[in-house]
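Think of it as A, B, C and D in the order they're written, each chain with its own count starting at 1.
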């Protein structure tokens, strides 16, 4: 069985994270890296077996490519998905799947019509904690309450905020997917949000702090709390509560050391940010993708998952803007 | 300095809890106990210095009473407060202050006009954890997010549900007060709730599971999650998150023991319920009340606190019934 | 059933602790308090029903006394026990039972010959943590290792050190009893110790830091580590390890609060010292004593327990002085 | 700067662990793998750039080798070290350095005379927890007490026990090194040990459970407790206590999840064994070794460290056999 010939499209921060993980993964053979920025990498630092190009159509038209990984800015995702599906390439796409529902549905149609394998990059599904909770969900019995705390350690630059798609599409989208991963479909979303970390984000019609209430089709209730700045580090907690008990996780630290002195008992802060906290999950999701291509196991994070998360993000934005709860429907359109 | 001569009106479960706490408290001299139920206590089990009566007006008219403690069913609170204030007795009243805003405001007027000391029994304010968080709130900087988890270990009987005033007035009211204690005035409340533990409570127009979103005047956002049944025990957690950090507490156990075996690492469940978990707080709040009477320190939980919690409970109910967020105003009426 | 008429002999710190606990315990009626120091308490602060005397023989000769509690300096314990036993009074005696084995054995003989009930004050046996571990010891299977960490928060004054009997007799004696409580008889003790907190204690032939290795008759091995000064507070941990698992406890704090900031995650220090940490155990042990007197349940901490702890303390001292392991024999003499 | 050409001698379990770590480490270029067992690896599974041989002298005589890694059975270590040093190869050697002091000292002389770089494989020094504690040791002030708990999850086979060198040389040797790493030289060791997990190990003059007391030159006291079988998993804890506080670590788990039910609050067991728990440390120690060769930084775990650990192990064995404390001297020989 030979390695999957993979082309990486987009070679910024997250593209490089993926490359580092898969370059030593025997399931993959990276054949192309594409970035419009010629300086994205010095050709010399890559093995000569990899073609470095700046036009993604060259990746799609090569017969040295069986699958692609999309790591470009979000607004390009649907167009590249559509083209890749038509070129019969299997697709791994970073989150979110897109900003615009019309474009996203075009991409969806192309994926379905061409019957390619598509996995979306909601990497947290592949984290040891969340995998463990997901696999033992039955232990809580009928789920009643889902709580997700998701706080970044440091607010992004205004430059980033401008083109991020906003807190719901950029940050909370992970939590929307996690909520669906644990509970299934969302039926209603209500948001209270504000620019409390940095009032300037309001200039971009964005917020940095939110409490997002959710209703699920399974009747459970949920709440996500988001902040762009937790000074103690990346705060990633989840708890599922039901009639038979509660499953929850705790933050991770680099070392498990504790210092006791006359001033208190001091433990380590959580790991700094997503690259540290979710390092392993990025590698694991690529194993799942390979497993779907090679062994035909069902995709662990589907295109539908990608679309539903965007639909919740859009509803969340509407709720924030109107001050009212907004219904979410599980059918794609 | 002599002990405060105290009459207890209502001698059910909570009345007895208070009596056990204060009978050995040198600040108090219990002179009267009143209950309409002649069997509420066998006279013989009380010291002969205590008069046991079944008409509260006899307590109020006695000059052997300087202060009263109201532990009757809630619907009687306003009437007794009003009468006690007119009789110039200082008043400690169990939560909630009442169900009906008109009656409550009459009681309020009586208290103000007669200038008696009034403390409401939101005992959790006096718990070591919440006192410690309240006293060090500055450490979180500007508060951004408040989270309260408040789950009972066991659902009450339908008999209780019927006359409880409902989840908001009976159970969440403690959390509404705790939210105000930590953050100040609430300006908006939104509720998602359901009868998930026992669908029968819906027959009484009640729920047993809720996610309650709050906005505060100080711009912070908040969320309370309630359940009538946490099988692992009384779950009482709070966290305040701000631009300088987070303060949180954890549940309490009877013993701090841990068992490690091939099946996992097992710690104790939280203490069973409020009588265990908040035992000390009931004693502490009575020390504060005595301190206000004897030394004139400001009341730690005022009549206004009692009224505002009811206003939030009423708004929560409206939000649940209409499915919309409801504004809350900080002015009384 | 009437309350036990009790005389307290010795009214220093620990005598007062006991008095505060039992004055509201319906099982006891304190009839005498005895202290050679006339100022040990102002007579006025005690109820008139208590006789305050300065000669303990007056307590022993009174028919208003059924049981006595011995809270004097240790060197007086055996003499008072002997006299009390002869006077047919039941006896609760603070730890240690004595310094001198001949005197102790005289007291032992008197207790046995006069068939009075005798309980020794190793209060830690009655702490919630240690009770819980003791009651579930079977969970560890065959016990292999016992570890006790026992560190005081603050070194005592030189004045105290001088007459304390030394670290083994004054401080580690609690741990020797705890070791026996969990594991049964000790057969060998080996000590490495030093004056590391304050070299001055060496002037009194004492140490303030020790690692004490133990062998038990049940073949388990044990270790106690002691320090007179843990700047983070009273450190009281125990772990029992066996072929089926491990039982352990953790320190207790006043509040269960945690502060997370950019400097770390800070929990509370352990409770300050024994009066805080073991408060409840002092009350509980007196309930057990009453239960033995009134209901004839076996004594929970016997005179033999008191003697064996002293024998281990003497062996520990010998080990420290000789630098060699010392055998301990379970037969009394 | 070019990669270090490395020959691996001994390709059993630990040799393979190291190979997996360094095959993707740019600091190393593995040129030779040597094992007497022809089946140690199928040649095909190795890159063609690696020579697979079964005679270590072929590795030592090759100019395609700058450094060697010794992963053979312990009894061969000194001979290979000696030969490698004479061949001017830098040496990384697995623990322990040897069983026999004469042979070890010959190896030592060869290393010194030939001035090669030598690092011993006490990998735990490079674990995140122990690195963190070591780097912040000053926080405890003057160290008074060191405690190490080191328990394997599962007892080894009798086959293994037979040739293991015994508990002190095979298992506790890691703890002896850790003790020295934290506290410096040991001056006395006293052992209480037994075959409690499996009495059969006594047939091989070995034990499986031990309490090892230590004295250090810096006056601190220490204790190690070992068991060959902790049913809850690999137990690896350390605590350093001093006049300014305590540093400690806790066990690591795969996921940080907790399940609360009516039966208790269940956390995960510790990671299973050393390959899981110390995975990262094996990679890190090889970075240090490379750093010493390439950049001349002082070796992080020296040949003297290897020798002193063996000397303590020998003293421990003597103490166990004689039942007496045994002095340890810091000078080599």
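To be clear about the criterion, a contact is a pair of C-beta atoms (placed from the backbone, for glycine too) under 8 Å apart; a residue touches a chain by one contact, two chains touch by 3 or more.
Worth saying up front: this structure is predicted, and the values here are computed from it rather than measured.
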item	value
Chains touching both chain A and chain C, listed by label	B, D
Centroid comparison with chain B (C-alpha atoms), farthest chain	D
Cα-centroid distance, chain A relative to chain B, in whole angstrom	43
Centre-to-centre distance between chain D and chain A (centres being mean Cα positions), rounded to whole Å	40
Residues of chain C whose C-beta touches two or more other chains	230-232, 244-246, 260-262, 268
In the complex, chain D residues that touch chain C	142, 144-145, 147, 149, 151, 188, 190, 192-194, 196-197, 209-211, 213-215, 219-223, 225, 227, 229-232, 235, 241, 243-246, 323-325
Complex contact set, residues of chain D against chain A	24, 128-129, 131-133, 136, 139, 244-252, 254-262, 268
Chain D residues within the chain B interface of the complex	230-232, 260-269
